[in-house]
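When the chains are written out, they are named A, B, C, D, E and F in that same order, and each has its own residue count from 1.
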Amino acid sequence: MKFGILINEGPYQHQASDSAYQFVKAALEKGHEIFRVFFYHDGVQNATRLASPPQDDRNIIALWSALAKEHNLDLVVCVAAALRRGILDENEAKRGGKDAHNLADGFRISGLGQLIEAGIQSDRLVVFGD
Amino acid sequence: MKFGILINEGPYQHQASDSAYQFVKAALEKGHEIFRVFFYHDGVQNATRLASPPQDDRNIIALWSALAKEHNLDLVVCVAAALRRGILDENEAKRGGKDAHNLADGFRISGLGQLIEAGIQSDRLVVFGD
Amino acid sequence: MLHTVNKSPFERNSLNTCLGLVKPGSAVLLIEDGVVGAIKGTAIEDQLIQAMQSCKLYVLGPDLAARGLAEDKLLDGIQVVDYGGFVDLVAEHTSVQSWL
Amino acid sequence: MLHTVNKSPFERNSLNTCLGLVKPGSAVLLIEDGVVGAIKGTAIEDQLIQAMQSCKLYVLGPDLAARGLAEDKLLDGIQVVDYGGFVDLVAEHTSVQSWL
Amino acid sequence: MSEGVIKKFMYVNRKPPYGTVYALESLEVVLIGAAFDQDVSLAFIGDGVYQLTAGQSTGGIGMKNFSPTYNALGDYDITKLYVEKESLEERGLAIDDLMEVVYEDEDEDYAEKPSIRLVSRAELADIMAEQDVLLNF
Amino acid sequence: MSEGVIKKFMYVNRKPPYGTVYALESLEVVLIGAAFDQDVSLAFIGDGVYQLTAGQSTGGIGMKNFSPTYNALGDYDITKLYVEKESLEERGLAIDDLMEVVYEDEDEDYAEKPSIRLVSRAELADIMAEQDVLLNF
């Protein structure tokens, strides 16, 4: 079966991203397909490569990047939410005249249409948030 | 009177930072002193210079930077919360081997002791969060 | 002591917890989403009328206006303040408890 | 239809709203902070017993364990699932409503 | 892009506006989603009903009043805004306290019709159960 | 740094652990704050009582179990952990469901004493009213 995932909260502050990660891992283990993971609202904060959590804590962002690499996951960050909150790839940084960018490996920035498309193309859409 | 302010949530997702900003502005207008504004938990997200909210929306981060400049406010970002969430100044970026930094003008990164000190030195501590 | 409540009493128990712990003579200020509790005819009206027998109840006007709640809808006895009034309330009370 | 609830029923009204809108034959899965509602002897026990007459109630085991709530404390009739079981529940129902 | 598939999308709104960003960003998805020609409805449950109150005035909190946008939804063929009756009542509100949101019905010579549909909890439960995709903010 | 001022600091905890970060980050402030020689207490109200449950096991959710840290608080002279009785009861919990948190009392030949103090809502209201600084997470 094909799942779409929506994550509405940033890492650490809420469990949403952790729960979604565990869900996606379990779904992949069961042979399901993940059509897309869409990061919206503060969820875009899951996509910064600048985070350095303490050594004894999980690194949520690195976990997503690794899972994406292993399973070729499509991790999409909402562009409007990301610009509002300071998550940028090189391209958006240039366009906005910003002197740095911070998007982590394995994520891409795109529009809200990608979320709707995930709703249409997936057999189920599961939302994680606060 | 001397006020200390604690902000626990990031910009946009919650009203906390907006409310704190309006409170601080009103306090300054009434001749009170702001000992310090401390940003903790997701509150550290108020300190990224990479945010570009839509033209017709307020730019919370720029508002804080401007208010800090005008009134010489001490805006302190908790280092532990900031590292966990990817808010870095040049120094922390270097120490963590990160290739970019994103701290906005007028903010500084420091330890949680600065929050306790604000509690001790201020006549009142007011907390804004979720 | 000043208590601030920033959550809707219909969705969260912050106001309820606050009212269970306020001492007579304290002040409670509703801000942000908390302001929605301040109007007449709600499911918590009786609880607020009861609370006002021993405490003062305030609501932040700008937050009320943002949510389309006119002041003539307010429960009798609740006083409207602006951000300056919020500052004054903090200054007048020796401590502040924010029920987040 | 599968409903998920991730908020404590003692602090938020998410579970209450959910139970007001579930249709008979639906499933409700408690996750994250929502799991605290699943144990015996709470203020919402009767409401859950009532709900289980028409719906199935599940709780996510890993979230329960994290909060120090042993499975022997669970209300009778609530089934424990792991993340794999969560995936199965989503697959078995034609839609998912997350009461955030 | 949608390959002819038409699904029932429901946007479930349960939070007051301005205290959090969810109401605003929910509206942004709804508008973008309109281009996909799906069967779209919005539900306003619990505190979500405050998103539709008339007379919102945000000058005092320094935010943009986005409530007029609900009235633009009709132009995008989004004409089903379900408001739960019990939620209004519990909050001391009536339908008159909400904005007037209308759309022009193409099938009836562009007659103006109300988009807000007051439904009971039981009716809303039925409508919800028919949905394919539920987006919660 | 504190120039001899001693204030009453209370950390007010009202959220379950792990669902949000507040419990963990609250503990981080408490530990740092211990160096300032203030009069510190912690209150566990509402869902905050779950922070102290015995037997927390977080392997399944991939997070660190930080509950043992509460037992280290005694070494930092933080010995007042107020738990509201009514909050426990509403949640089907009793004091036996909580961890044992102890400290060594220097004044009584380092006798081990419990840090958790079960208080009624009315008692907690009195204790709260005496505080100078209340930190809410």
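Here, a contact is a pair of C-beta atoms (placed from the backbone, for glycine too) under 8 Å apart; a residue touches a chain by one contact, two chains touch by 3 or more.
Note that the coordinates shown come from a computational prediction; the quantities given were computed from them, not determined experimentally.
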Touching subunit B and subunit F alike are A, C
Residue numbers at the subunit A-subunit B contact, same meaning over half shared and different meaning under half, come out as same
When C-F and A-E are ranked by contacting C-beta pairs, first place goes to A-E
Cα centroid separation, subunit A vs subunit D, in Å, comes to 26
CA centroids of subunit A and subunit F: separation to the nearest Å works out as 34
The distance between the C-alpha centres of subunit C and subunit E, rounded to whole Å, is 28
In subunit E, the residues touching two or more other chains are 14, 18-21, 46, 61, 63, 133-134, 136-137
Among all residues of subunit C, those touching at least two other chains are 6, 10-11, 13, 32-33, 62, 82, 95-96, 98, 100
Listed in rising order, subunit A residues that touch 2 or more other chains are 8, 12-13, 15, 19, 22, 41, 57, 80, 125, 127, 129-130
One finds touching chains in the pairs A-B, A-D, A-E, A-F, B-C, B-E, B-F, C-D, C-E, C-F, D-E, D-F
The subunit A residues in contact with subunit D across the complex are 1, 3, 8, 15-16, 19, 22-23, 25-27, 29-30, 32, 124-130
So, in the complex, the side of subunit C touching subunit F is made of residues 1, 13, 17, 20-23, 26, 94-100
Listed in rising order, subunit B residues that touch subunit E in their complex are 12-15, 18-19, 21-22, 56-58, 130
Subunit A contacts subunit E in the complex at 6, 8, 40-41, 80-81, 111-113, 115-117, 119-120, 125, 127, 129
In the complex, the residues of subunit D that touch subunit F are 6, 8, 10-11, 32-33, 36, 39-43, 45, 61-63, 65-70, 73, 82
